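Chain IDs A, B, C and D follow the sequence of writing; residue 1 opens each chain.
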Amino acid sequence: MDQQPWEWPDEEWQRRVGQVRAGRSLKPATWPGGARSAVALSFDSDHDTNELRDGGISIGRLSWGQYGTRVGIPRILDILRREQIPASFFVPAVAAKLYPDEQRRVIAEGHEIGLHGWIHELNSVLPEAIERDLHLRAADALEAITGTRPVGMRTPSWDFSPATLKIQRELGLIYDSSLMADDDPYELVENGEPTGIVELPVEWIRDDAPYLNMNRFQALRPYTPPPAVLDIFIREFDRAHADGGLFLLTMHPHVITYRSRIFILEDLIRHIKEKAAGSGGGVWFATHEQIARHVAQGLEASL
Amino acid sequence: MDQQPWEWPDEEWQRRVGQVRAGRSLKPATWPGGARSAVALSFDSDHDTNELRDGGISIGRLSWGQYGTRVGIPRILDILRREQIPASFFVPAVAAKLYPDEQRRVIAEGHEIGLHGWIHELNSVLPEAIERDLHLRAADALEAITGTRPVGMRTPSWDFSPATLKIQRELGLIYDSSLMADDDPYELVENGEPTGIVELPVEWIRDDAPYLNMNRFQALRPYTPPPAVLDIFIREFDRAHADGGLFLLTMHPHVITYRSRIFILEDLIRHIKEKAAGSGGGVWFATHEQIARHVAQGLEASL
Amino acid sequence: MDQQPWEWPDEEWQRRVGQVRAGRSLKPATWPGGARSAVALSFDSDHDTNELRDGGISIGRLSWGQYGTRVGIPRILDILRREQIPASFFVPAVAAKLYPDEQRRVIAEGHEIGLHGWIHELNSVLPEAIERDLHLRAADALEAITGTRPVGMRTPSWDFSPATLKIQRELGLIYDSSLMADDDPYELVENGEPTGIVELPVEWIRDDAPYLNMNRFQALRPYTPPPAVLDIFIREFDRAHADGGLFLLTMHPHVITYRSRIFILEDLIRHIKEKAAGSGGGVWFATHEQIARHVAQGLEASL
Amino acid sequence: MDQQPWEWPDEEWQRRVGQVRAGRSLKPATWPGGARSAVALSFDSDHDTNELRDGGISIGRLSWGQYGTRVGIPRILDILRREQIPASFFVPAVAAKLYPDEQRRVIAEGHEIGLHGWIHELNSVLPEAIERDLHLRAADALEAITGTRPVGMRTPSWDFSPATLKIQRELGLIYDSSLMADDDPYELVENGEPTGIVELPVEWIRDDAPYLNMNRFQALRPYTPPPAVLDIFIREFDRAHADGGLFLLTMHPHVITYRSRIFILEDLIRHIKEKAAGSGGGVWFATHEQIARHVAQGLEASL
């Protein structure tokens, strides 16, 4: 395995590419209620776990994490309630254990909580057994706190290991939301075998962090003007609506909710509702679980 | 302690998170004079100390530091005097000793000077005894120069060590302004114990440096258009005003005062004053010390 | 060779500079059909090979590569067919072997496929014999799949080694498109000797990736607002048209085709066609091969 | 010298800061011809030397360097001739030796050529004797090519060593243009002693490269929209004009002259001329040497 990639026999790059692939498109012919497109808003409630995962040294970054639970989540939940929109929250187990009341409020207000690792660890650096143990314990922890067992996973940092899909199947999940092979939902294929697992694809383009994140000791800065971020999200939605597809957006309580940024979420929702009203074709706001269950009908239809 | 974070027992991440936490909100019911919101402008007068802290090798960066004292501070003080606005300046002791007349002018014109380390050192890499010694000597140096002992601290680079809060209490400070768990003031809690110390929270979003700083040998560049920086600051203020909260802004003499950037400060002040006049609810411009003393009434009220 | 560059005798930097140089300008007096300028659109169909070249570890980045073939290429080909524009696609052999039907569709629809390395390797780190072997095998692979042997090369990452030009001559190519010494085509000169090889110059300015690319574990983020990218491309075209020159643009299926970005390509084409119609001087849309064959007439004319 | 900066005795940081300081302001009471402000445009003609200085490995970056001489310089000289504006070109000796005709045209058209190192080396990593030898040989080389001995220096990468000022004095230069302690000209002070050397201060803000440069293997990208760069330069000029000061701008032939960027220079000149015509107070366009000789009258006046 010391071969350079350009020395690999064809079988080697075929094997690597084939581990996890996009299979059948699950873009549905119709969305519930005759809607023209679907909108799935998600929030990764990492809170303190990004800093804890890196060793938990920085008091400042831990305080930034606390902002997410203290200011960010309430601000988000208030908007969602006012707008009557369900959403999905992906929560590392350690964040859920730190803030169990937050999780219970999220569930009580009709939203979904999905798996997001134990402490926002990077799966691809872990042995399979440890990755499995962490996902299992995370599922148990979330269920113990909220009374509901998660049915979907977003891998932390979208870092999907060669073992992740196998573990998701063992956990009986119905969807993953960490991969990027399409704009619209598709079925995951593992080493050539269709799995029945729905992929609800993410993209860094449809994520607040790449544009707005800050890391003092890396060269990451919030260089993009916030109105330009809103413009990008609106363009993503507009084409999804025109295509009859899915607009899935990843946000973070510790990124999007600041006083100078929360307008991005508010104006985006206003734009979507105006578009939906104006075009005659409505929009279905749904949790990731609802999206996954709807598009999974395509799995059975084609069997 | 060679454990990976995902191997920690719960007590370990609980302990780390609990070292310094946001406690009671100190957002007041009312601001002095019936103002609807408060504005706290601050300037970190680092001057040559950023380069000295890194070893003092680069003549060019030392000249950049001199710009701060030679051009930046006078330009800022002239604006503040014209606009009749008090502000807070956080000054490393070495910068104060290099430019004592500057500090005396700052105090004479009614502004506050707060602690900002000895030579802009990173607290989190220092043993506690050295960190304590540097803060103590810095307080003595500032008092010797200005005749006034500082009552608040902004840690250099907002790098708050596990010992910083203890040292702040020993120094008898009334506030810190380095952490980020809320938009509005709160009480700091140390290992579960309320401290009576007021936190006036900062954010990289409300700082000129992330958008505009330059480091030749890192990948930091002033990529954000200056009008976009003004737009972000205006949005932060507008919501703070709507919320009846605090708008606290960190600036740097060697960043914000250039001929192409000083309009950001001027136009921001103009916007704030127009908003205050227009909405019927005024704005209280105050030093950090004044803000801290006002919101600290909330500590006693709730005891 | 342990000398520092400032210790080199003049012969050393002369030798290095002289390896590959821009010679005669091949900007033609006229373009076919009396067009005032020429437009050469190109797409580097890297797909999974960027990640494979780096070891093929990340499942997420492999899924991103699959987006290029699954969503990106069809979206591009649909636009080109609707607009009746021929283009050039540079395809690593491994990408072509993974997706042979895609290459056959590209050729069937009248476009060009050029060489782009074996697995998107960096030429400058390879021994000459290995670089030669990879280019030769890549040419054979592309020909086997499409029935057409490539006549031009774009080096992966525009990483042109001291041996690349020699290998291009051995392969009998008529053009390279990886270097940057002019806005308009020119002849490549090797150690003082004119080669007859046409250079169709690229520039990072006329590339979608610098503005919009993302790398989670580097500090690369899509900070530039997409409308600003369109503005840059339009400015490049407008002056090329005014100069009677060539506008050559490099894009990537996994960068430009997202729902929030594809308008860049669409609006750019609309702008070019409007300009062409409005100014009285038309525009020649052509493949790189067509451009190279046209400007190569300048080689003979001046002999 | 293994002391950490926070362990230094005061004498150590005083010594470091005092090596090279800004002394008396040389902002003149009036500019020639009664102009209200002065404009000094400069171009650093690095061409291939940035890549040669790094080892001269990349053929692609050498071709980029050739763009500077082949396309960039002629485009700049044409604009300057059309606009009747003199400017200063800072040229590494190796670039001058590679392209001697370019240097002779620059001088013949009334512009200035200043020192810019031997091969764009970093002065601060060189022993003093080597730095001196390179500057001396560079001065001889430029004089041999153009017939005129340079009277000013811009250090490559503005990397000014502790020995640079001493060498500049030995060379009999009248100005440096590499430091940043003011917006307007000042006298350089060496270890407390006024030197009579004029500093014409630069700033990264007034430089095209930070906003627009690209380095494939670093995280440097041209993220800033070109119109935003023009806006920054206009703001810098407007305040300089209002202040009666100097607007000094650093550009690079391999950065500013592309078809999508050259409008920045053209529109800036148009704006300056309109402003000068409109306000009643003219603008003096001058070379760095002319500026330095004019403001140096302030040195004598105050003796």
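In the analysis below, a contact is a pair of C-beta atoms (placed from the backbone, for glycine too) under 8 Å apart; a residue touches a chain by one contact, two chains touch by 3 or more.
These figures come from a predicted structure and were not determined experimentally.
Student: By label order, what chains touch chain B and chain C together?
Tutor: A, D
Student: Which is it for copies chain A and chain C: same residues on both faces, with over half shared, or different residues?
Tutor: Different, since under half the interface numbering is common to both chains.
Student: Please identify which chain has its centre, taken as the mean of its CA atoms, farthest from the centre of chain B.
Tutor: C
Student: Could you please state the distance in Å, as a whole number, between where the Cα atoms of chain A are centred and where those of chain D are centred?
Tutor: That gives a centre separation of 49 Å.
Student: How many angstrom lie between the CA centroids of chain C and chain D, rounded to a whole number?
Tutor: Those two chain centres are 35 Å apart.
Student: For chain A, write out the residues touching at least two other chains, lowest number first.
Tutor: As it turns out, chain A has residues touching two or more other chains at 219, 223-225.
Student: May I ask you to sort the chain touch graph into line, ring, star, complete or other?
Tutor: It is a ring, because the chains touch in a row that closes back on itself.
Student: Go through the chains and record each pair that touches.
Tutor: Going through each pair of chains, those in contact are A-B, A-C, B-D, C-D.
Student: Within the complex, which stretch of chain B touches chain D?
Tutor: Going by the criterion above, the answer is residues 48, 52-60, 62-67, 70-71, 94, 97-98, 118-119, 121, 126, 130, 134, 214, 216, 219, 221-227, 258-263.
Student: Can you tell me which positions in chain B touch chain A when the two form their complex?
Tutor: Within the complex, chain B contacts chain A at residues 5-6, 8, 10, 13-14, 16-17, 19-22, 124, 157-162, 164, 178-183, 201, 203-205, 210-211, 218-220, 223-225, 228, 231-233, 235-236, 238-240, 243.
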